[in-house]
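Order of writing sets the chain letters: A, B, C and D. Residues in each chain are counted from 1.
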Amino acid sequence: MIEQAPVLIVVIPLIFAFITPLIGWWRKELCYPWIILSLTLSTFCSVITLLTVINTGVIHYHLGGWLPPWGIEYAVDYLNAFVLVIVSFTSLTVAVYSKKSVELELPEKTIYFYTVFLLQATGFFGIIVTGDMFNLYVFLEIASLAGYALIAVGEEGAPMASFRYVIMGTIGASFYLLGVGYLYMTTGSLNMADLARLLPDLYGSKVVLVAFTFLIVGVATKMALFPLHGWLPDAYEKAPSSVSALLAPLMTKVSAYVMIRIMFTVFKPYFSIEMLPVTTILSWIAAAAILYGAVMALAQTDLKRMLVYVLLSEVGYLVLGIGLANKNGLTGTILHIMNDACMMVALFMIVGAIVYRCGNREISQFRNLHRRMPFTMAAFVIVGLSVVGIPPTCGFFSKWYLILGAVDTSQWVLAGVLVLSSLLNAILFFRVIEYAYIEPRGGHDNGGESLAVVREEAPLTMLIPIISVTAGIVLLGLLSGRIVSTVIQFAIPACF
Amino acid sequence: MGVIVSIKPLLAVLVTLVAAVLILFTGERNRNLREFWTLLASIIKFSIVISMVPLILKGNIIEYTIISLTPGIALQFRIDSLGMFFGVLASFLWIITSVYSIGYVRSLDEHAQTRYFFNFALCLSATMGIAFAGNLLTLFIFYEILTVATWPLVYHKETEEAIMAGRKYLVYTLTAGMAILFGIILIYSLTGTTDFKPGGFLSGCGSANILRFIFVILILGFGVKAAVMVLHEWLPSAMVAPTPVSALLHAVAVVKAGVFGCLKVILYVFGPELLHELNLWLVLAYFVSFTIIVSGMYALAQDNLKRRLAFSTINNLAIIIMGAAMLTPSGIKGAIFHMGSHGFMKITLFFVAGAIYVKTHKENISELDGIGRQMPLTMGAFAIGAMGIAGIPPVCGFISKWYMALGTLEANEVFFLFVLLTSAMMDIAYFFPIIYSSFFKKPKEDVIPCFNEAPMMMVIPLMVTAIISIILGIFPNAFFNFFNIASTAAGKILGGM
Amino acid sequence: MVDFIVGKYNYWIYIVLMMIGFYAMIGKKNLIKKIIGMNIFQTAIILFYVSIGCKKGATLPILGHAHGHAGQAIQTSAYINPLPHVLMLTAIVVMVATLGVALAIGIMIYLKYNTLEEDEILKAVK
Amino acid sequence: MKILNLIVVVITGAILIYGTMDMPGWGDPDSPASLHVSPRYITKTMEETATPNMVTSVLADYRAYDTLGETTVIFTAGMACILLLRKRRNGHG
């Protein structure tokens, strides 16, 4: 059982997804516990995998028993094991959360929604766990197709947003596929470890340069990195609540993972850093993304749309750490994969809960919300503080490592951008908090008009995930030292 | 002499945190129970802190490591004399302020009392964390918690003015927080550690220019909370907060946290030797001298009593930093002691302002004519506080100013002695007219010329702090060896050279 | 030089095809044209892959003497590389699936807005 | 806007063509792609999988897992289409 854990992470939700429609036709209400069961098992397996990696080192799992360059291999090291645990926990949380919002938003389509939802998670797991470039493409497409469909069933305007995502997503995936083709042409291999062994002799080759460029551009498109982000704001804004909560944190994080894989595992770090100025370019693009996201978020009056732009800025953080290409920067990125997944999933779940109760996302309509939904708003405050980077929440620590990475390489401008973005985020979140908590009153009539606001908290299936992720945000912040020293420092390529 | 590992510091921090949660869940349903939590926590906290004093006086250091945050930095408490001093001060004043707050909010029937007490408790937790922090990062963590936890107290009234004050407060302090963070990261990047060490740990790391840069951003960062001039704008605005908040937070916890941070940077991060070497101490001293003089002038121009007190606070905080910047034994001793004595005196003054407001709804000095006849106890306490701030014996302000004056002489900088004396003159100039008019001028029509004090819940606390100010002036060690703690701290720092 | 051109020209053709599709995807306003562009792009990639597997003088990757000739050595150069074909079988399926989803979304859009022109739809959304 | 799109397309194409410069010629039997992994598929197909059709043996054996992914893609697309296009029988619309 334990040896099979890596493959079970993917296979369990896959099989469960095939069965979901059957279960749904029999008893519609069973779909929900069914996918919870599936994702719980996956989460369990991914935790086992992480523990195995910590105890015994890298796991190589040969599918069908064929040795790597010929067959497909699952190679799980600290990095994927860590990301797997994050992704599986996040998707489980969102699955638990989804019950009420799906009942409200898609009452007729529950069965198919859950099927595709599970396939989406499967796609993420597959991308992360695999050690084969082409297999990664296949799972990337599973994840993308599921994503297109899930987004398209959202509110007014969602199909068009989704269509643009289809076009951009397909371009990204095709670029990736082209990159793989170019690499295959010069090396004859599709296995990541094998490529890493073969490629250094070919670093001068133009084919390899072009392949690398296309892989990175493809992944950056999927990730919605700044100039290629056009599809993202509409798509995630218009998507149903639980879909945004699943896709917004995970699609970007998974792509960031793929980017790290390509840049520092498939290619050697010295290629990515020295032979092409990729890391330098990326870090400046990332800085632009951070500022662009934050500034655009300032202009929004709709909370969900604001969060979408905050997400763009968070993507910038992830890439900035990669672009810094030193120990602290990468630690920051990998830590931020975890922290940002938690923060974004919490934020989008909170927005979903607010929409569920109030049917409104306009920030200016949030008066008295802290009385109506005290727990949800308390969670929002804590998560907001984490995004701003107030210690001891986890968001602070990823910023700490990123700034440290920037300082280590004397990139003062980048460090300045990080600091500035914290302040911009502060404006963003304190603005919302102000709306939700302060009831302006004229003059000094203290306590005169205590408005009778009915307390109407989100349903428990929503509240429990929100509260637990929020608690996680504080805990992970305090534990970040432990996490870095047991997992992340081994997840960074050895040469740093 | 030794390092004692003890969980007490953590308990002192957690006690108020637990109380905050209990307050939140008790809520408006049972006000007495809610207030009981506040009082209980404040007393428990004070006893925990006091129980550690004897160990510290023997020259020990109490340490407790919670968890490692990053390689080389742990979330760590490490109490030495300076931290102990601040801890005793804040936790004692919290008891008094709690009593006073209860009187204040109930008399005025304030809204959102639960939020008020919740944030108050949170602030105290954070202040304790700042006092006991063992390294810059731990200090910074609690410092930021303090920043955020104070915000709801500033906007508490929820008027347009209060909301703007809250925004201003956040803009100033969060920006400052980022500057501090940047400084800490630079230090960590240079040395791989941020642990405080008496006498500093930075000497020999990095070039002189980068060290100067770090010093400047750290002092500016902490200086925002310490309301150093040109960065002080938020403090007078924040005076729209309820008076107990102004009293405890803007006289003791928040601004003192800023000063405490500055002292830590001056004495425990850079250290006297390095500051001499970099010639920074003089720059700093001139910089704060400017604040001392200008804030005194501003204070003279204010008519709102709380705003005048706010500028007086700015003035005194700058004096503390100046005393420490002299880097001589007496100067440091005086500076540390002034943290305490200013705390007691200024809290008295704010309590008085609050009591007047509760009783008469008056906020401006020009309206206070003859009020001394109506509230003799209150205004008597005010007179004591004002004398103390001006440095008139036998109130404790005299002792601290005396030592700081000695410090300037030890450093051979007569200029700063003049600054000190000028500021004392100005203190007299802006406080004594109030005392005069309240007792001797003819009362306005609406003042009832017979004894009519504020509720006892408010009068007793302000009497207590006034009396303590006098006792401390006569017997500096009377209150838990207050003065000795300060001298031990000064000795440690200079001994570490 | 001639060798160079002869060796590369088919790749160039595929790249030109890809770029035609790519342009349609990002440049055209009509949704169906975008989808057609997407198809062209992906088909060109498939052609490109398949041509990687080609070997001069080799035949289809099916053993002609599978039965009864055991023991006879198999020449690698006698059969073209089967791997790209396999990959492309998968990729074709992916392509079809994407096409299906894209068309489904297109239908949704058409049912809602009665048009397939991007600018008109965006106007209707706003 | 049209010009911008055109520029993007031309640059992309130019980069791709630049990459072809170092490519092995078309149909080169000694290209890395033909020498590294694929010989085993060709020579060992009968021995290891008992299938004369190498494409089949790779598809369904060596890289069978890709094929599982492929079927999943189809399944996903099918489910996606049902999710998107399934009409509500009752209620409004």
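The definition used in the following text is that contacts are C-beta pairs under 8 Å (C-beta built on N, C-alpha and C of every residue); 3 or more make two chains touch, one makes a residue touch a chain.
All values derive from a computational prediction rather than experimental measurement.
Enquirer: Name the chain with the Cα centroid closest to the overall protein Cα centroid.
Expert: Of all chains shown, the one whose C-alpha centroid lies nearest the global centroid is A.
Enquirer: Centroid of subunit B to centroid of subunit C, CA atoms only: how many Å?
Expert: Result: the chain centres lie 71 Å from each other.
Enquirer: Can you give the whole-Å distance between the Cα centres of subunit A and subunit D?
Expert: 26
Enquirer: In angstrom, rounded to a whole number, how far apart do the mean CA points of subunit B and subunit D lie?
Expert: Chain centroid spacing, subunit B to subunit D, equals 68 Å.
Enquirer: Subunit C to subunit D: how many Å between their CA centres?
Expert: Computed value for the inter-centroid distance: 8 Å.
Enquirer: Among the residues of subunit A, which are close enough to touch at least two other chains?
Expert: As it turns out, subunit A has residues touching two or more other chains at 134, 138, 141, 145, 148-149, 152, 178, 184-185, 190.
Enquirer: Where in subunit B do residues touch at least two different other chains?
Expert: none
Enquirer: So which bits of subunit D are touching at least two other chains?
Expert: Answer for subunit D, listing residues that touch two or more other chains: 16, 20-21, 23-24, 31, 33-34, 37-38, 41, 63, 66, 69-70, 73, 76-77, 80-81, 84.
Enquirer: Where do chains touch, given as pairs?
Expert: Touch list across chains, by label: A-B, A-C, A-D, C-D.
Enquirer: For the complex, which residues does subunit A have touching subunit C?
Expert: Going through subunit A, the ones touching subunit C are 134, 137-138, 141, 144-145, 148-149, 152, 156-157, 159-160, 162-163, 166-167, 170-171, 174, 177-178, 181, 184-185, 190.
Enquirer: For subunit D, which residues are in contact with subunit A within the complex?
Expert: Within the complex, subunit D contacts subunit A at residues 15-16, 18-24, 31-38, 40-41, 61-66, 68-70, 72-73, 75-77, 79-84, 86, 88-89, 91.
Enquirer: Show which residues of subunit C lie in contact with subunit D when the two form their complex.
Expert: Counting only subunit C, the residues touching subunit D are 3-4, 6-12, 15-16, 18-19, 22-23, 26-27, 51-58, 61-63, 66-67, 70, 74, 76-79, 81-87, 89-90, 93-94, 96-98, 100-101, 104-105, 107-108.
Enquirer: Considering only the defined contacts, which subunit C positions touch subunit A in the complex?
Expert: By the definition above, subunit C touches subunit A via 18, 22, 25-26, 31, 34, 38, 41-42, 45, 48-49, 52, 83-84, 87, 90-91, 94, 97-98, 101-102, 104-106, 108-109, 112, 118, 121-122, 125.
Enquirer: Once bound in the complex, which stretches of subunit A touch subunit D?
Expert: Checking each residue of subunit A against subunit D gives 14, 17-18, 21, 63-64, 66, 69-72, 108-109, 112-113, 115-116, 119, 122-123, 126, 134-135, 138-139, 141-142, 145-146, 148-150, 152-153, 178, 182, 184-190, 198, 205-207, 209-211, 213-214.
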